[in-house]
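Notes to accompany the following structure.
Each chain gets a letter, A, B and C, in the order it is written, and its residues are counted from 1.
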Amino acid sequence: MAAAEDFTMRSSMAPCKTSVRRLGWLACAVIATAAGCEPARIDTVAPNVEAAKEIRLEIATKLGTKTEQAPAEEAKKTGWATLKGRIVVVGTPPSPGPESVTKDVEVCKPGGHPVMKQTIVVDSATGGLANVALYALKLTGDNVHESASGKGDDVLFDQKECVFLSHLATMRVGQKLKVLNSDPVSHNTMIAGRQNNLNQNLGPGQQLFFEPQKPESVPAAVSCSIHPWMRAYLMPHENGYVTATGKDGTFEIANLPAGIDLKIQLWHEVLQKKFRDIEVDGKKQSLSNGVLPLKLENDEKKEIEIKIPAAAFGA
Amino acid sequence: MGKFWSLLFFLVPALGVALFVVSADANLLDHWFPTDVSEHGHVIDGLFMMILWLTGAVFIATEVCLAAFLWRYDARSNRDAIKFTHGSHTLEVVWTIVPAATLLFIAIYQMNAWADAKIRQPKNPGVEIEVRARQFEWRFRYPGPDGKLYTPDDIHFDSELHVPVDEEVLVHLKSEDVLHSFFLPNLRVKQDAVPGMVIPVWFKPTKEGAWDLVCAELCGWGHYKMRGRIVVQSREDFNAWLAGVREKQLATQSEQTAAK
Amino acid sequence: MKRRKLKSRFPRLRSAHEPAAWRMNHRPMTPRTHFRDSRWRTAALAVAALTCWTGCTDNPFAAAPPQFRSNLVDMKMQGVNPNPELEMTAPETAPTAKPADAEAAAKLVEDLYGLQLADARGGALVKQVAADKPASGAGVLPGDVIQKVIIGDSKYSVGDRDDAVEYLLSKVTWGEGVKLAIFRDQKQQIADLLLALFGTPDQPDPAQLDPFRDPNGKLFEEKGARPRLVEMYGFNLDHLETSAGRVHEKFGRQYGLYRLHCAHCHGITGDGAGPTASFLNPYPRDYRQGKFKFKSTAGAEKPTRADLMRVLTEGIPGTAMPSFRVLPENEREALVEYVEYLSVRGETEIKLIEFAAGGMPLPSPAALVANLPDEDGNAPEVTEENVVSNVLLTWRGAEQQIVSPAKPPEDFVKWVTYVPSNLRDAKAPAPELSSDENARREASLKRGRELFYSDVASCYKCHGDSQLGDGQDTDYDAWFTWRKNLNELSDAAERNKLIDEYRTLGALPPRTAKPRDLRMGVYRGGRRPLDIYRKITSGINGTPMPALKPTEPTADAPVDPAKAATPEDVWHLVHYVMSLPYEPLSQPPKELEQMLKEGWQRSPQPEEKQHHADKEHHPRS
C-alpha cells in the first residue's frame, strides 16, 4: 500500500530535522508561557494564623476587665501663644487650567470667559499659596483655649457663579455651617467626608445649616452633582485650632497652648500631606506626613515663613 | 462474531425496553411524567404515549430482526458464498411509503393538539399576565382593577406566578435580554421567550398547589437556577393575594415603625 | 526494524534528491499526518503560546479583567481586601536605624516593600549602584537601588516601575534620621487583626483561633463558657455558618449559601468585584463601604434588616440583581445576616487602614472590641478606638432613622392609578373620576411638573428636560471615591493613568452615574410611592442624587411655592414622576406648553459637552 509506505518513509527520511524542529517548538512554547507568567504585581499580604491566635488570646484575657491604668501624662501648657505666618511658593507652579463648564453656561461662565481651576492659587505679587489647611493635632482638655472649644458662630459657605466662594472652609465641631446659594440656579451641596455626609438640594437664594457631628482627619470634599466641576473642601476639626491660608498665603492661629510639643498638620489639595524639601524659616526641612512640629513660648507671637518649591506641584 | 456476541448486543435493547416498561409502570425514581395539573396536559401525554407505542413497536421489531440476523448469519456457522444483490425496487418503494405514511399519520394526528396549544388563543381568559424573562429571574405584571395590561394600575410581582384554578390563563411572554424558555412541567407548557417578540401562551390549571417554573433555554451562567414557582389558588384566594400585593405596591406610609 | 528493511529495499526513496515537497504534497492525508504537518503544528503551538501569554499578562492585546489575576483571588480567599482608594496612601513611622551599606539597604528595601532584590542579580546591581554613586554619606538610597534595579528589570512593566519609583521615592526621606514607610508591616498587622476579629469570609469564627476551644470547636472545660466573638458582636452564628464556606448539604440543610447565590457577583469579601461583576452594568454593590442605596433610612444611615431582606426578596429591576423569593425564608435571613457581617468586616478594615494611613498607631485588639453594643443597641462609653463597636452602632441605630413620610393627599392612590384617556378602551372600564377629583388630579400634576422643572428641586438638571435621564452623566458614585478625582483631571492621558493605577489594584473600570430614565417605569429599589418619596427627600446614598428637604408650613411662616416645597408638594412630585411612563413623549402635554407661556424660564442649554474620549467607555479595555 503506497500510502502506508509513504507514511513510514516520511518519518524515516529526516529524523534529525523533525526532532530538532519539535524541540524548537517545545522550547518556544515553554519560553512563551514562562515569559507570560509574571510575579504578583500587587503586594499581597496573607494573614498569619499564629498572630491572629495571639490577638484572640489577648482579647479574651483583657476583654471585660477594666484596666485601671492612669491616663498618659498630658503635657501641661505654660500659657497661650499665637502662631502666624505665611506660606509661599518659590518659583512658578503649574497653572491648573480652566474648568470644564458643561451646564448652565450663562450663569457659570459669564461672558464666556474661561473659569480657572482653584486647585493651585498663588498670589502673583507675594507668591503666597492660598487654601492650605493648618490644624493642630491631638490637643484636648486643658490644652484647648475656651475660645477654641464649645459652641461658636456660624461659618458662612457661599457659592456664586458656580464657584464655592470659600475654597477651603474651616470650622470646629460645635459650629454650624451656613450654606448659601447666591446663584440664580440651584446647586446641591454634597459633602462627602469620612465622618460627615450631606447631599441636599439648595434652590437659588436658599440656605441650609449643616452641623458636623464628628471631626474629620482630612478636609472633606464638597461638590455639586448638578455642576460636577465645582469643588471645595471643608475641614471640621475637633477644636478651633484650624485655619486656612488666605489669598496672600498668610495664616494665624491664636491661643495655642505654649510650652508643649505641638503638631501642626499642613494639608493642601494638590500636595495633600506631602511637604518635602521645604524651607521653614530659612532652614531646609521635610515634614513627615505634613506635620510641622513646634513649641511655643508663653505669650509668644511666633512668625514663620514656609517656602515650598514650585517643583512640588509636579511639572 | 459468534452467537454469543449477538446475544450480548441484543441485551442492550432488551434491557432498555425493560427499564422503560418498569419505569413507566412503577414510576421508578420519579422518572416518569411529572404530575399533570392542567386541563390539556393529558393531550400532550397522550401524544407522547402514541408516539412511544409506535416507535416502540418499530424499535422492537427492528431490534429483533437485527438480533435474528446476527444469530442466523453468524460468519463461523455460515459458510455459504456471499451473494450480491442489485437491490429490489419493490422493497425500496415499500420502505419509503410505509414510514412516510406513518409520519403523515403522526402529523395529522397531532394537528389538533398543536392548534389547541399554539393557535387557538382563548378569547376570554380568566386572567392575562405579562411574564418577562430576564437573566436570571421571572417578573410578572398583572392587570389592575381596569382589567387591562400596561396601564398605571398594573400590579408587579416577581418569581411567584399566582394564577386562579380552573380558569384559562393567558400569558404574554417577553424576554428582556436573551432567549429564555417558559417551562411549566406540571402544566405541559413550554415556550421559548424570544427577545423582541411577545408570544402568547395559555393553559388552564386544574389543581391547587405550588408547582415548578423553570427556564428551559440556556441563557447564561445562571440558567440552572432560573427558577420560579407557579402557585395555583382558588379564585378568592387569588383575588385576595392580588389585592394584598396591590395594597403593598401603593404604600405611602412607612411599613416599619421607627423604634423609639 | 521495519523501517530499515524498507530503506534497504527502496534505497531510492531514502535519498534526499527525491523532491521532498512533492512527497509532502502527495502524502495520504490522515488526521494524524495532517496534524504532524508543520503548518498545523505551528498554528496550534502559536495559539497555545498566545493564550498562555495573554492569559497571564496584562498586555495590550487582551488585558484580562483584574479579578482574573490569581494573586487577587488568593488574597480574597484569605480574607484580605485590597481597597483601591486607601491602598495608595501609606503610613510613616518613627525613625529607625539607617542601613550601613548597600547590602543592608537592599535587605531593608526587600523587607519593607517585598521587592526581591536579594537574588544574585539584585545584589549585584546594588553593588554596582553603590560603586557608581558618589559617596554622599547617606549610603545607597533605596531610590537609587530601585531606579537601577526596577527600571533595568524586565520583571515589571513600565507602568509598574514608574509607579513604584515615584511611590517609594515619595515615601522615603533621608536626612536627619531615617524615616521609612512601613506600609507592608502595618498591612500585615491589619490582616492579622481582621483575621482575629472576623475570621475569614469562609469561616467567620474559626475554631482554631478561639483560645477556649480545641480544633474541633469543643470548649475547654476549665476555661468556662465564653460566647463566640462573632456572637458578641450580635450576629447569629448559625446563620453565618449556613451562608459561609463551601457549598454542601448536611442533614437536609443547604450550606454555603453566599457562594452559591452571591459570591460570583458580589465577590468573596463582598467587594462587588466578583468574576461576573465586570460584565454587569451597574456593578454589584460593594458592601465594605457600608453604603447602601435602597433603604428606608435617611441620608447616609445604614439600611435596616428589613430593607436588606426586601432587596433580596424582590430583587432590583433594571439591574442584574435577581429576586430570591423562591429561597426559603430562613435561607434569606441567613444571607441578610451574612451581608451585614461582610459589611461590618469591610468597614472595620477601612477604618483600620484609615488609622494607619493617618500615621496613627493601630488601637490594641482589646480596645478595638471594647464597649460593644448591648441588646438594646446602646454603647454609652464608646470611644474612637472602639472601631468595631462604632461600626456596629451604626447598624443598630438604623431602625431609628427610618423616614416616615407625612400622609399624602386623600386622593393620592386614585391619582397614581388613574388610567389616562389614551389608554382607555371599551374593554377596560377603568374607574372614572368626578370633575372635582379630576381637577385636583390635574392640579397635583401641575404642581409636580412645576417642581420638576423648578430650581427648588431642579430634577430636570440631571434627569433631563424630557425625563430621559440625559441631563448629565459626568458625575460618579461614591463606592470608589477615587472616581471623583477623575472629574478634576481634564487631560485624557492623566485620567487613563489614574484609571490604570486603580485597575492594577483590582478596581473595576469606572463608569459615570447615569440619572434614571423616568419614562421607563423601571424603579430600582422600590416602585411604591413611599420609596419614590424617600428617594426624593433623602436622596440616594452614595449617588449624586441629592435630597430635597421639604419645609413644613406653619401659621406664621407660610412656604413660598417658588422657593420651597412642602411635604404635600413632594407627594405631587411623586405623582408626576409616576405618571411619566404613561405620558407620550412625542406629545408633550399642553400643560407644559402653558407653563412655558406663563413664563417659566428653563436654564440655558450647555454650550460645550465634555467628551470622555478615554478608557472609561470601553468596558473591557
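In this section, a contact is a pair of C-beta atoms (placed from the backbone, for glycine too) under 8 Å apart; a residue touches a chain by one contact, two chains touch by 3 or more.
Worth saying up front: this structure is predicted, and the values here are computed from it rather than measured.
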### Task
For the chain pair with the highest number of C-beta contact pairs, give its two chain identifiers.
A-C
### Message
Using CA atoms only, can you tell me which chain is the most central one in this structure?
### Response
C
### Summary
At the largest C-alpha centroid distance from subunit C we find chain B
### Query
How many angstrom lie between the CA centroids of subunit A and subunit C, rounded to a whole number?
21
### Message
Between subunit A and subunit B, what distance separates the C-alpha centroids? Give it in angstrom.
### Response
62
### Task
Could you please state the distance in Å, as a whole number, between where the Cα atoms of subunit B are centred and where those of subunit C are centred?
41
### Query
So which bits of subunit A are touching at least two other chains?
none
### Query
In the complex of these two chains, what residues of subunit C are touching subunit A?
2-3, 6-7, 10, 13-14, 20, 23-24, 26-28, 30, 33, 38, 41-42, 45, 48-50, 52-57, 69, 71-72, 74-75, 78-80, 82, 91-92, 113-114, 116, 155-156, 160, 170, 173, 175, 179, 184, 187-188, 191-197, 200, 208-212, 226, 229, 299-300, 354, 358-359, 364-366, 369-370, 454-458, 461-462, 472, 474-475, 478, 481, 484, 487-488, 490, 504-506, 539, 541, 544-549, 563-564, 603-610
### Task
Can you check the complex and tell me which residues of subunit C touch subunit B?
261, 264, 276, 296, 304, 306, 314-315, 317, 320, 322-326, 399-405, 407-408, 412-413, 416-420, 423-425, 427-431, 527-530, 533, 571, 578-579, 581-582
## Note on the structure
subunit B contacts subunit C in the complex at 134-137, 139, 143-148, 150-153, 156, 158-160, 221-222, 225, 227-229, 248-260
### Task
Would you mind writing out the residues of subunit A in touch with subunit C in their complex?
3, 5-14, 21, 25, 28-29, 32-33, 35-49, 51-53, 55-60, 62-63, 97, 100-107, 109, 117, 119, 184-186, 188-190, 192, 194, 197-201, 203-206, 208, 217-218, 221, 223, 225-226, 228-229, 231, 274, 276, 286, 288-289, 291
